[in-house]
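Notes for the one structure printed next.
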Amino acid sequence: MSRPQPIPAAALPPRAFRGAVRIRFGDCDPAGIVFFPAFFAMANGIVEDWFTEDLGIDFHALHGTRRIGTGFVHAEADFFRPGLMGDRIALTPILTRIGGGSYALTVHIHRGEEELARLSLVTATTDLDARRAVPIPADLRAALVAYQERCAHG
Amino acid sequence: MSRPQPIPAAALPPRAFRGAVRIRFGDCDPAGIVFFPAFFAMANGIVEDWFTEDLGIDFHALHGTRRIGTGFVHAEADFFRPGLMGDRIALTPILTRIGGGSYALTVHIHRGEEELARLSLVTATTDLDARRAVPIPADLRAALVAYQERCAHG
Amino acid sequence: MSRPQPIPAAALPPRAFRGAVRIRFGDCDPAGIVFFPAFFAMANGIVEDWFTEDLGIDFHALHGTRRIGTGFVHAEADFFRPGLMGDRIALTPILTRIGGGSYALTVHIHRGEEELARLSLVTATTDLDARRAVPIPADLRAALVAYQERCAHG
Amino acid sequence: MSRPQPIPAAALPPRAFRGAVRIRFGDCDPAGIVFFPAFFAMANGIVEDWFTEDLGIDFHALHGTRRIGTGFVHAEADFFRPGLMGDRIALTPILTRIGGGSYALTVHIHRGEEELARLSLVTATTDLDARRAVPIPADLRAALVAYQERCAHG
């Protein structure tokens, strides 16, 4: 298995959404660095902002009112450099695939130009009450496609 | 405000429920000790076991099926000694008050005979769907009263 | 014990520091509201920002380089209203006591004018390597005193 | 990308270590299921027990005293079925590769015979003070090799 190589933040699509996070004391472990599950939680949080502030899809209404889940069927991360408490980091979601009932994204985590970690997440849309797979809702699909195009045409 | 003093585990009611927890790497912070909100989360977890294994009230069915919440209106903790990763600790819930729609408990956290922390929690029973206060359900009340008596007559 | 009553955000000192937090999906529990230990973790995070951005004391250097801990010996919270995912909340730290080797603060958590929770935290400054109590460092003391005066003379 | 298929618990090596975890209310999200970063945190916790109780390597002394880190350079998970609060689950670590300064393991998460999730983790051993890669210590290597052989010869 060849590991991916970090890329500078400047190499990301300039019109991609970027979420800012500050690494907290409580995110870090006795080794003094980010406890790795916290990177996944941060990415989930930034996806919430990306939906609501950038895609125009209210993440919380989607789950709470419309009862559509966007849970992950796969999540992975490569960790390049440790994150330290107090670091200001940027999380950039990039869509890599939009299917019928699922989509995939990469979330790049940078401290300045240095990529600390890269996450790949595969989402499946579900009916939260019936607990079964459903197609991506039309408004979400349109927003995802528009975002993908915006990123492609920097 | 005078601070409470730690008491040895041997001073607790011998027939009280004791939950065992091992302090994890991920529970600890860059100071190498338990990040204090983790003590509250551990106590909540032990209350789940106490309900289900000792009181005979299925905590998860209570919330998930019966839709009765046992959320806290007040939570406090005195921290006497730091908890370290790898420590095996015991959490002992002691009921201090049973009211009409609320009850209060103290959770003692010991490492051996040494009390690391003491939490005081005040619960209000709620209808999770209507989001309003409700009396303690009869089966839960009976179980709480029996536990309180069992502890009193060690 | 009489419970404190919520106060509107407008009643807080106008020149107090306010930290903004958005409640995340991952902060919430199956009852759909903030899992209470998360409020303590959020408060700890806001104290980091308050130190660094407002008091002029680098919280992370204080712990990491200077090896001074500001851990809590007491923490308590009153929960007035549940926090919901997506809520934008403001956390306002107010100093209530500055002693020789400890200080106490209240953190008010508001959603708009509505107070959701109020935390009271008592800190003891420690030498993290020797694991013993030390006086509040002079620069931190001066910053705390100045903040307290700023809040008093709104 | 083809997704892996779940396997029954009975298909795992019978002499592998199994760690028991109960899914807590606080591990779950507003969709009522395990918030996915919690699965990574649980796996990290079980690795601690596996080291200390089964491999005979004190995980906490390794990090705290010997200052050897076993952090992850890669972590991934496939989620097959949601975990629900109250579920009793078993986590089984299986070594897949032992290199010079890194090793890889799979952690299977089962509820009864049903595999809920499968994690793949790649560790690199580091000197925590110098923050640089180091070879796997001899005692840890011997313990990992012995475990791998024990699993292979069920």
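In order of appearance the chains are A, B, C and D, and numbering begins at 1 in each one.
Everything that follows uses one rule, which is that a contact is a pair of C-beta atoms (placed from the backbone, for glycine too) under 8 Å apart; a residue touches a chain by one contact, two chains touch by 3 or more.
As the structure is a prediction and not an experimental result, all values here were calculated from the model.
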Comparison of A-D and C-D (more C-beta pairs in contact): A-D
Same-residue or different-residue interface between chain A and chain B, half as cut-off: same
Chain whose average C-alpha position is farthest from chain A's own: B
CA centroid of chain A to CA centroid of chain D, Å: 24
Centroid spacing, where centroids are CA-atom means, of chain C and chain D in whole angstrom: 35
Touching two or more other chains - residue numbers and ranges from chain A: 25-26, 30, 32, 35, 37, 41, 44, 63-64, 85
Interfacial residue positions of chain D with respect to chain A in the complex: 3, 30-31, 33, 35-38, 40-41, 44, 63-64, 69, 71-79, 82, 128, 131
Complex contact set, residues of chain A against chain C: 22, 24-26, 32, 41, 44-45, 48-49, 52, 58-61, 63-64, 84-86
List of chain B residues in touch with chain A within their complex: 25-26, 28-30, 32, 35, 37, 85
